[in-house]
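Please find one structure pasted underneath; my questions will follow.
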């Protein structure tokens, strides 16, 4: 009886654990990751990171810190020299096609490789083997999420910089990714397009990683920030805490964002 | 006697006027300028602007406002459909080479095409027909002004984004321009390189025009700001005044810079 | 140096299309034999566009200016992708600029593309013997650029002048071919010289490009 | 360099615009080849009538074709100025040292008419549908996948790279480079400029490849069934094929006008 009871209880406990583990299974687990280029070893050194579903993580750090390299590793484009990457429960295998992980490149021109907007957004769904109708639905839906339905028939090379950015995001959204990685999303945008992008990021429900030098954007969008320098994680925590730490920021080539600095100059607004 | 005296006085007065006119001759006078592209008329409409020597003017405005177009007009690349541009006392003639006017492109790759940094910086002076020694002097001097002497022998194509920017600036500085025009100088720079650029801009003695979406940079560098939208000048004045005007800024797709906004969030700095 | 529509008789243009189809088939087969043929497609395509653009650069040769043909360099860099690349370039040229022609696409592709493949084999020779030096790259760059253009010029003149609807007498024809060929000599020299400067530049700045697609 | 945009009037909605792209491609290409076959002077006249009629039906504005004649007219001028004086034996008249020959004149007439007619049909072919649709039609007709991918990708980046070159040229000019002056330095700089474009494009291609595989490049066969053929498309195709056959037959049956003259 006791034995039975015990086992019963154990089972229950086990179930609960499993359930809670299911619920809190990390969206991304990186452990002991080392990444290199053929002509440049150890760009990323022993990086470990765990991101929970729904988190919005900002990656900050100077040029050459290894942010883009890290992202390429996460997507399986770059083969790690050591370490493991697990995305949504499945290890990332170099060269596999994982539509649930999407990377938005720094330069939208690299990503908009199809000659027309519609083709470009349909490219991912087509390769996922969806039917014609499903593709149609996905494209329309992705375009309406980013608010660019009217661009569908335009040739990619005649879009403005801000439109290109928006369309390249729609192109990955159409694959219904669950982990979305943005590399410098606000580069080259004017203020209006940047604001539109921030709204889009704030409204999105996916787990998000953003590398950016635009610290104000990180502050507005992310609920966690990771500071990287020379291929190592230097700090990891609450954006206000990390980016408010003047000494830390300056030591790694950053600056405290203006909105965290006391307002000294009187302003002349209405 | 009276007559003589009078004329003498007049002469004196005249001299003074001439002297003061000499001193305050504008570096740039644009009057009633209209610019068009073959397939897009009236990108710039009846723009007039006067910039005094030593002024640092920031040009702000949304994508497509016509900032780059304006700059191409100033350099004589684009032929005005109407209006006149006078730079340093001489009217700009379409197609003329004016070494005293220099344009730094938004994308440094557009400016760097020589096999080494040295060649790239020597390109302008060579075209000016300077002697070998003079060229040597100019290149070394330009490199030391921007603090990049150690880059001289590197291939330009393998520099980091920040280094490329610095080298492309050195490339135009070597021609000893007196009017320097920067198109989006801080695009794609990390925070450290941006800070370095701001220092460089603050220290420079030339008359400067900067188009930028980086309003904090404009605020730190410029002593005058011009807001452009849809090819017209909307506002022109003190940076704090213009950029602090919330209503005006938002109406033209801008945002008040963070450093002009009262600090509401408690900060966690040391 | 493209033959326009309307000059060549149908048997010649048809033969051009047939030969082009054969060489394209052969190139595609060679490409598909590679370990990862897909990896090279973006590279080859974007470089195709780049070559097309680079051929717009005008070189001042008093009293006029010439533009580069670049089929030698294209072969040296793109290897078996060179022929499809040239075919695509000619197609764009015919459709966008009405330069060349639709019926003569096959003939023109042979005129430009075959020498380009020859240039590929010439440029590969630089790897033989002792270590690859900048000097050696330059020499083989010159050879591939100049020889490719020379063969193209020869093919162009022979095909054009032997197929004009009205007969020229043999003497006039030969004289014309020789005169025009001599007129092309400086262009061939310039093409070779610039190709050699260009490959040396690439070797210095981004040697990977020269290792082929 | 401004790229010749050939599909700026692709939305006019004429009979030719509505024609299914694969049928249009076959029909017009066959007609083009039939035109290049013609040697008979009477057939030349018919050719002009037919191509003009099709152009009118296509609703393309006259300015569209006129603007595109600038480059080819240079070629025509060369032909007109040389052939009549060097080709053939029958001398019609002598202008100073030059002999105007009949065979040459007829050859010029032949070449120029065929050239202009083919050019017209070619412009109609590529001007009455978005360029991309025409490429897709080629793919659907069996253009090898590698070639189709290459055409689409290089078309996409042609504009980017073209504007790269344009900006680099402006930046050179602003630093005093005179592109009209010949020197060995000018040759080096041309080579460097070309090399830089290649390097930039090469780097771009590496990023593009990454972006493509991340969206599953190569995981699905190219799309099928993009176009739908209706019976009126087939009927139109039939009309065009018959016209082409008519031209060839006409030329073979009666076509000794020029040949006889050239004998």
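To keep things simple, chains are lettered A, B, C and D as they appear, and every chain counts its residues starting from 1.
Heads up, the rule we're going with is that contacts are C-beta pairs under 8 Å (C-beta built on N, C-alpha and C of every residue); 3 or more make two chains touch, one makes a residue touch a chain.
Not measured: the values here are computed from a predicted model.
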Cα superposition of chain A on its sequence copy chain B - rotation in ° rounded to nearest 5: 180
Comparison of B-C and C-D (more C-beta pairs in contact): C-D
Rounded Å distance between chain C and chain D, as computed from the means of their C-alpha atoms: 19
Whole-Å gap separating chain A and chain B, where each centre is the average of the chain's CA atoms: 36
Inter-centroid spacing, chain D versus chain A (mean Cα positions, whole Å): 45
Of all residues in chain A, the ones touching two or more other chains: 113
Set of chain C residues in contact with two or more other chains: 42, 201, 205-206
For chain D, residues that touch 2 or more chains besides their own: 152-153, 155, 157, 164, 192-193, 195, 199-200, 204, 208, 212, 217-218
Chain contact topology (line, ring, star, complete or other): other
Chain-to-chain touches, reported pairwise for every pair that qualifies: A-B, A-D, B-C, B-D, C-D
Parts of chain B lying in touch with chain D, wherever the complex brings them together: 38, 72, 75, 77, 97, 99, 101-103, 105, 107, 109-115, 123-124, 126-128, 157, 171-172, 175
Complex contact set, residues of chain D against chain B: 2, 164, 167-168, 170-178, 185, 189, 192-193, 195-196, 199-200
Interface residues, chain C side, partner chain B - complex: 201, 204-206
In the complex, chain B residues that touch chain A: 62-64, 160-162, 184, 187-195, 213, 215-216, 240-241, 244-247, 253-263, 265, 267-270
List of chain D residues in touch with chain C within their complex: 1, 3-6, 29, 32-33, 36-37, 39, 68-69, 71-72, 75, 83, 86-88, 101, 103-104, 106-107, 110-116, 118-119, 122-123, 126, 131, 144, 146-147, 149-155, 157-158, 161-162, 164-165, 179-182, 186-188, 190-195, 197-206, 208-209, 212, 217-218, 258, 262
